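For reference, the structure discussed in these notes is given below.
In this document, chain identifiers A, B, C and D correspond to the written order of the chains, with residue numbering beginning at 1 in each.
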Amino acid sequence: MLEITLKRQNRVLTVYLKGELDHHAVSKVKETIDLQLVKMPLSQLILDMSAVSFMDSSGIGLIVGRYNKMKCLGGSMKIKNPGLNILKVLKMSGLSKLMEIS
Amino acid sequence: MLEITLKRQNRVLTVYLKGELDHHAVSKVKETIDLQLVKMPLSQLILDMSAVSFMDSSGIGLIVGRYNKMKCLGGSMKIKNPGLNILKVLKMSGLSKLMEIS
Amino acid sequence: MQPINRMKIEFESKSVNESFARIVAAAFASQLDPTIEELADLKTAVSEAVTNAIIHGYEQQEGLIFMECILYEDSITVKITDHGVGIEDIEKARIPAFTSKPELERSGMGFSIMESFMDSLFIASEKGAGTKITMTKKFSKR
Amino acid sequence: MQPINRMKIEFESKSVNESFARIVAAAFASQLDPTIEELADLKTAVSEAVTNAIIHGYEQQEGLIFMECILYEDSITVKITDHGVGIEDIEKARIPAFTSKPELERSGMGFSIMESFMDSLFIASEKGAGTKITMTKKFSKR
């Protein structure tokens, strides 16, 4: 089970994910974030992945989808604290060229 | 994989087991202990199970077998620190009536 | 009741697969969010049945073991089958501490553990054809 | 080379079984004592193939997914099969970032990940009959 925690500060939304980010888990994350995007204007979306133990290309699809939405809304997105195995998937998918990963 | 560590003090042998004690693991433990039993006379065999995460009835067979050997040799046997799930198997098999469990 | 999920696995009768079978059953059952104790009970019962198939069913020779797990709303049914020697007298086999292999230091407690750790246990067996164990465990609603 | 162990599993095409399939493959592979990274790579590749069977093969409808794992001295071969819609153009499907389901926010990186995380990847597929993925990963000697 993937746990989602949201923290909003001014126009920055930080989403903390905990657990395994696969196709099964993705739809709930997508819904949760997209609901926030329509609620209030955001300038930045931060995905904190420090507690994500697994991610496959379904996670890439989720991230690219949110990245595109943020761009449409004139905002930006960044990824924080991915573990080594998550970073491997992010890099291999070219996401590290699209957005800041720290 | 089950790890076996031996500590001998005078005529008392303490066997520390770490891992899962099932049929697959039992033969190595049996060999290791029985080799000690023929090496030097023992008055007591102590099985420390604090690091045993799983045990089924193959473990019961192992313990009863060593208990009988110790009795034949005029010694005794006791079990130390079993976790809750291990204790459940020990009790259900009546071993708690045969020897000291602490 | 309708099953909500099911799986079938077959693996070789090697003792190294005893822990594998336990992990598989527990991983599948964890979809129902059982307690740690319930999961430990299930693992122990599966280990007993798989070990029996290896030691008694196939007498430590090559053979295939089949495990089927069916999840319901609040319970799991596990079927473990071998095509080994079979059990001649099932009543006798169920007696606590009865074992046909005392020379292997078997305790004869396998069926007693399956019975007490699960909520039901059925044994179907035919001499020369094999054995099928069907066990069900209910998980507490949380 | 002779296989040292093998198993076959079938399970329903439900997304909840994606993590189950990963655990099963990893638990079996762990008999070879792989590194944590090697195990993570294997899990990711299995997850990709199983997810594809669910989303593309069976288009999120009911169906059965088959996984076979064969262990050799220092490698594992995993075969994942569905009897779903099949792939019309395998060459095109393998192109990085190609996806036939952009509306589901698929990234099209599944095959690329399988290819880069495993040591070999074969795709056999027939339109209307299904798809079989065969992947092998070598584990470092330790």
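In this text, contacts are C-beta pairs under 8 Å (C-beta built on N, C-alpha and C of every residue); 3 or more make two chains touch, one makes a residue touch a chain.
In this text, all values refer to a predicted model and were calculated from it rather than measured experimentally.
Colleague: Could you work out how many touching-chain steps separate chain A from chain C at minimum?
Modeller: 2
Colleague: So how far apart, in whole Å, are chain A and chain D when each is placed at the average of its C-alpha atoms?
Modeller: 25
Colleague: If you average the Cα atoms of chain B and of chain D to get two centres, how far apart are those centres in Å?
Modeller: For chain B versus chain D, the centre distance works out to 42 Å.
Colleague: Using mean CA coordinates as chain centres, what's the gap between chain A and chain B in Å?
Modeller: One centre to the other, that is 51 Å.
Colleague: For chain C and chain D, let me know how many angstrom lie between their CA-based centres, rounded off.
Modeller: About 28 Å separates the centre of chain C from that of chain D.
Colleague: Which positions in chain B are in touch with at least two other chains?
Modeller: Residues of chain B never touch two or more of the other chains.
Colleague: Provide the list of chain C residues touching at least two other chains, using ranges where the numbers run on.
Modeller: Each of 16 in chain C touches at least two other chains.
Colleague: Who touches whom among the chains?
Modeller: Every pair of chains meeting the touch criterion: A-D, B-C, C-D.
Colleague: In their complex, what parts of chain D are in touch with chain A?
Modeller: Its residues touching chain A are 15-16, 18-19, 22, 37, 40-41, 43-44, 47-48, 51, 54-55, 104-110, 112-113, 116.
Colleague: In the complex of these two chains, what residues of chain D are touching chain C?
Modeller: Chain D reaches chain C through residues 5-12, 14, 16-17, 20, 23-24, 27-28, 31.
Colleague: Spell out the residues on chain B that touch chain C in their complex, using ranges where they run on.
Modeller: Touching chain C: residues 20, 22-24, 26, 30, 54-58, 60-62, 64-65, 84-85, 88-89, 92-93 of chain B.
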